[in-house]
Every structure is written in C-alpha cells, then in structure tokens.
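Chains here go by letter, A, B, C and D, matching the order in which they are written, and residues are numbered from 1 within each.
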Amino acid sequence: MNDMRKTVADLHAELVRYNLVVWTAGNVSGRVPGEDLFVIKPSGVSYDELTPENMVVCDLDGNLVEGEHAPSSDTAAHAYVYRNMPEVGGVVHTHSTYASAWAARGEAVPCVLTAMADEFGGEIPVGPFALIGDDSIGQGIVETLKGHRSKAVLMQNHGVFSIGKDAKAAVKAAVMCEDVARTVHVARQLGDPLPIAQADIDSLYDRYQNVYGQRSPR
Amino acid sequence: MNDMRKTVADLHAELVRYNLVVWTAGNVSGRVPGEDLFVIKPSGVSYDELTPENMVVCDLDGNLVEGEHAPSSDTAAHAYVYRNMPEVGGVVHTHSTYASAWAARGEAVPCVLTAMADEFGGEIPVGPFALIGDDSIGQGIVETLKGHRSKAVLMQNHGVFSIGKDAKAAVKAAVMCEDVARTVHVARQLGDPLPIAQADIDSLYDRYQNVYGQRSPR
Amino acid sequence: MNDMRKTVADLHAELVRYNLVVWTAGNVSGRVPGEDLFVIKPSGVSYDELTPENMVVCDLDGNLVEGEHAPSSDTAAHAYVYRNMPEVGGVVHTHSTYASAWAARGEAVPCVLTAMADEFGGEIPVGPFALIGDDSIGQGIVETLKGHRSKAVLMQNHGVFSIGKDAKAAVKAAVMCEDVARTVHVARQLGDPLPIAQADIDSLYDRYQNVYGQRSPR
Amino acid sequence: MNDMRKTVADLHAELVRYNLVVWTAGNVSGRVPGEDLFVIKPSGVSYDELTPENMVVCDLDGNLVEGEHAPSSDTAAHAYVYRNMPEVGGVVHTHSTYASAWAARGEAVPCVLTAMADEFGGEIPVGPFALIGDDSIGQGIVETLKGHRSKAVLMQNHGVFSIGKDAKAAVKAAVMCEDVARTVHVARQLGDPLPIAQADIDSLYDRYQNVYGQRSPR
C-alpha cells in the first residue's frame, strides 16, 4: 500500500513534466495489488504538495477508505474503470491541450504515425459527452476502451482518460496520447497526412506490444 | 499585511510557471483583509527579484501608501476593481498568448470544454478597447464582469484581467483562462468544436462552485 | 570592461529562458561605455559555457581586440550598427520562431496589441534579404531602424535584430518581439485582428517611453 | 570507449532540453573511433536514468557486444548507417513534433531560412515509409542522405534520423531540424514563405561549413 502511495504520488510529476496539466486539473490512480482498493490524488491539492502520505485510498465504489483529504473529483470514473476492467491497474485523467482539442471537436486522432501504431494500435477513439456526478463518465470510458487496442479515450468536450496494466503504463499512454495528438494536429494544419496501411499498423502494434523495452529491467 | 505581501509576491511565480508573462508584463494584487488597501507588484521589477519586502501597498484610489518602488503601471485598473467590486479580493493581469489572441480579434472564447463550464460558467467575454492613464480599463473590466459568471475578461487588443475572492483564486482564473483559450483555439484550427448544451453548462458550473476541492484544506 | 563582459554573458540567459535560441544560434553584444569597443558572444560556444572571461571584445570595425575565441559570426552586423547608430548601446540577434516566420514571409507584424504600441510604437518592420560576409546585414538593419520607432527588425528569410540604449534594453526588445509576433500570429490564425487607431498607438507609445518602470531603481 | 559512453549518455540531455523526445522515444549513438563498434541508448530506459555505465555497445551488424540492457529498438537502423556511411560518426533518432508532422505528410521542408541553408544546404528531404524489424529503415536513411547535403531525413509517417561526423554533430542536426521545421511550418500557416535563390543557398552553405565556429576550441 505504501509502495503504491509513493508510485502514484511520484507519477504526477510526469504529468507536470510533459505539460499535460495545469493547476490541479489532472490525476493518476493505481490499483492496490491483491486488494479491492486503489490509490488516487486528493482533490484540489497542487502537484508540488503531493506526497505518499496525502494520497488517498478508495474502494472500488469510490468510497474513501483512508486519507485526510477528499479524493479527486474524478474518483467515480476511476472506480468504475477498476470495477469493470479487472485487467486495468492504473488510470490517468488529463485535459492535455491537443488531445482535448480533438475531443472538443468529437474527432478521433487518425493513426498516421508509426509511434501511434506502436502504442495505440490504430486511432485514438472518442468517448461520449458525459456529466460528472454519477457513473456516466466511467461508463463512457469502459464502453469505448473495452476490446479496443487504444489505451486512451478522448471524452467529448472534456479531456483524456488513459488506462494501463499499472499506473506507470497509464501515464505513458497519457503522455503518448498528447504527443501524437499534437503531431497529427500540426501535420493536418498544412494538408492531409498520408495514411498507413492497416496491415502495417497491425504489424507495428504486434511487434511493439511483444518486443519493445527491457525484458528484465534492473 | 506582511502575509499579503508574501502571498502576492509568491503568486507571481505561478504566472511564470505557466508562461503567462514575459519580462515584467503581468501583475498580481491582493486586497488587505479589513482595510481599504491592496498589495501589488512594483513596476518594471523582474519576477526573479520579487520579495515580500519590495511589494507595494496602495489605497483604493491607487495611491502609493507603502513601498520604495512605484506601483505597477496597471495599478489604476486594479484599484478601480477593488473600489467597485467589494466581493473581489484579488486581481491579476497578463498578456498571455492565446487569451490575448482572442482579445486581439475581439472575440469571446466559446464554452466548448467542461473545464470552462466548471471554472467560468460559460464563455470568457470580451471587454472594450481602453487606453491606460485613467479609469477606462477599470471601468471596462467592471462593466464586463459585474453579474457575469466569468472571472476573466479579454480586454480588446490588450490582454486578460481576472478576479477572484482572493489573489490565489484570481491567479487560478488567469491560468485556466489561458489554458482553455489555447485548447479552444487549437480545436478551432481544424474545424468547429461541438457545443455544450446550456443546461449542461449550468449543471457543471453549479457543481464545481459548490463541490470541488477540499472543504477544509490543511 | 569587466562589468560589460559580465552583463553580456549573463544576458544570454534571457535568450535561453524565453526560448529565443537553440544550440548557439543567437547573440548579445554591449557597447563599452566611453570606448570604441563592444563585448560580444564568442562563436560556436554553447550558452551553458558562457562566462565573463570567454566573452570577446571587438572594435567598431568588428576586429577582435581581446579574447581567446573568435567573435560571433554575426559580429560584422553588430559592428555596423554601433558605427552608424551612436545612440545604440546594445544589439541582439536571434532566430526566434514566430518572428522568423514573419521574416520568412517578408511580412511586418502589424500593431494590433497595446503591448506592441507600448514597446515598438507601431509595426515591427521587415529588413532586406542580405547575405552574411560583408556589411549587407548591418546596412539592412540600420536602413530599416534609423528613424523608426521599432527597436526590432525582421531580416527577410533570416531572423531578428534588436537594438536598445544598452544591452538589456536590446534583449527586452528581442523578448517582446517574439512575444508579440507569436500573439499576433495566433490571432491571425482564426481571423483578422482588430486594428488600433493610429492616435491610440501614438498615445500608448508616448506614455510608455516616458512613464513606465522605476524612475530610480535601486 | 568509456569516453564515448559518457558522450552518448550526456548528449541525450540535449534531446530532452530541446523537447525533441517524450518518455523513451528517441536515441543517440556514437561510433567508437578506430573500432567497428558504436555506443547506443539502452531500450526502454528513461532519460533521467541514463549513465555512461548503462549505455550499450554494438557491432556494426547491431549485435550487442557489451551491456546489461538490450540496445535501442532502433539499433538496426543506426548499424546500417554506420556500415554504409563510413564518414558518419553519430546518428540520432527522434519523433520531434514539427519534423514528424512534415514526415506524416511526406513533405520535405523547403529551404526558406538562412539557418537552413547554413546547416542543411537546402531542403530537408523525405525518406520512404519503412517498417521496423529489418534493414528497411536503414536503407531508406542511407538512400536519402548519401550524396545529399542534408544531415537529416524525415522518414515518412515516422520521424527524424540525423547524422554527423560525430554524435554531437548529429544531435545538433536533430535540434536544428526541429527548429527550422517549426519555423517554416509557422511561416506557412499564414501564407507562402519567400524563396531563397539557389545561388544564395549555395553560398550560405559553403561559408557555414568552412568558416563558422571556433577553429581551435578549448
């Protein structure tokens, strides 16, 4: 539990480093291994002030289990994902600029970069417009991402939710989502990006999921 | 008073952090609780050199009351706001890029992001063109923001003034204003953002003003 | 002399801070008071490695007078300005992105922001295309800026040269030039910025040159 | 060998400094002088964690010779370049935003800036679409850059590969490639950049290759 508190607290620094968030508008959570719990950012606390100690712990219904602060106002969406996607170990939410701009138009980011094929296996899809306050956002995330290769969804008029096998993988998806959303935006500003054949997308995705990175990092 | 000097001096670092200002072109002020005074940035002093000690104190007519430097050249506008909007405890002025670009076209930022509905309750409005040197700028700010949900105004061909219940809230509004001005700009570059229904904007605004953040932060 | 070495070395940090330069592609110089000399950046040395000691001193023909490194490859242009504009105490050259983009189109930045009226008194003009290697660049700068309110010129297909009463003022002009070039670019991307009446530009310029900042900074 | 490990490890900081990379998506390599070996980034290791010790050494077929981590997944492309371009001492790969946007459209960056003429001697060309996994990417790089003045190639739908006489020169080419790709992009957003005459491009390139920088840096 304390490990997960530290992991989640520290990972918020990546959101800051890559300019995915301003003020307090973005959050990371991580499922506690072997328990029906997750660790998430406290609401309204600035990124500079996050510590393992002030992270909060919630159950999979989003109820506060441990912590002196209220959990993130997006906790219900995180909880819904954990309840309905048991393979997910981490969830990230941001309003990163370029991804949110695609979301504001309700337009998926087309897969015209090999890095997108690697990480997302195709386009980054759009999820429905949904209001905060009940399970609508969580449902929209799960409906869109279940069975989809993409680990990120652009929630219409809102921002990005990304998922991963753990919190770090979800943060990586959030970082890559903004990076490719920006590059494809810039490409589109001066014309039409060239398409990548579906077979090539499939081949890149398959290779990246199975080959990339350190087999036994130390 | 010394608390407010420190608060105001420190908050300028947020303008720098979020790239809302260059050189010395932006300023924060905070009303001194229980007195007809406010603390404001000295004119022409760089952000690196701001300290609680070199902040200046003015009365609500903008006259220098305490301090070795001249007050910000925007002091008259801050003072006018404090005189005419007693509920305001902080004022911020920037020329942040995207907000100023909307201001240069005299165009309000439309509310097409849930984060805008949360923070601004609708569009960010445009105020009149006004010259520095008398109360014109202050009047333009107050006329535009009085009775408006938005805590920020885009002064035509000029830049942003934002207000808040205290200096920190005004800085937050300045940060969010640039963030949403940028995202909506980017969205508009490749098409038309989808509208958000007025009832949904109202619902988001109401919830955010009443529910978000820590009830009793420590 | 040693003061000017330190001033010029330190001011390069402002070019880095405001992202006006990459690698070694930009330089600051300052006239040595009371002497026909100026201090300038050494050629091909990275900004991290600049010290008062490795700055170089040139005469007004651009000949190396003091220093272990070769002077900046732009030294001839700086020297030409100092020879022909005795009121100039500092010169800055950058390839900052937005200003250079206007320069690539050979298009002046129109004065549609009050901050432009303040600092530049109108548009930022374009200078001629000129090759490095003789006095062509210097002549283009001087012909464009002599008698012009603007302290910055966009050299066609090249970048920015800015001048000032001292090196710090020239750096400020370079910083403000990029800032307004970017804001006006962004404004123009989605439509036409509103014009500012010439009388208002004149009034803003006059006030800013005479009133702004600390009368007796300490 | 240890020198080259340190050089290559340290140069990755320049990719970070100039925002050419996110997460682990970019790499630098350097040929070991006098040996058929090169030093390259380990795969999937973050830039913060790079040290001389965790760099890996490969032979010119891309086989791991020394190191506890797997080499970068782009190692085959680096190796192909070293095998086929003996004059090359360094290779860099990035997905930097603006360059990759031109690459997504399969469009060369036209030479409309003197800084491009200096560094690249003309346009920055596009290389073919190629899948990772065999020598396709390496072949595309070599076919495009052999006999070309440009030290950088925009691999279609992918990103940038740059080369140099050593690793530092290749990093400089990667930095300058993104800088000019961005400036020309921004210029093109509001109209057509003015062309530079071929004779002027030739003259600038010749001068820069032969005159610029310190003859005997210390």
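Things to note:
Simple rule for what comes next: a contact is a pair of C-beta atoms (placed from the backbone, for glycine too) under 8 Å apart; a residue touches a chain by one contact, two chains touch by 3 or more.
Please read all numbers here as calculations on a predicted model, not as lab measurements.
Per the C-alpha superposition, chain A sits rotated 90 degrees relative to chain D, a value rounded to a multiple of 5. Comparing mean CA positions across the assembly, the chain most remote from chain C is A.
At the interface between chain B and chain C, under half of the residue numbers involved are used by both copies, so each side presents largely different positions.
Averaged C-alpha coordinates put the centre of chain B at 31 Å from the centre of chain C.
One finds 43 Å separating the Cα centroids of chain A and chain C. Chain contacts: chain B has residues 189 touching two or more partner chains. Contacting chain pairs (ordered by label): A-B, A-D, B-C, C-D. Residues 18, 112-115, 172, 175-176, 179, 182-184, 186-187, 189-194, 196, 200, 203-204, 207, 211-215, 217-218 of chain D are the ones that touch chain C when the two sit in their complex. On the chain B side of its complex with chain C, the touching residues are 22-25, 42-45, 68-70, 73, 95, 97-98, 100-102, 104-107, 129, 131-133, 156-159, 185, 188-189.
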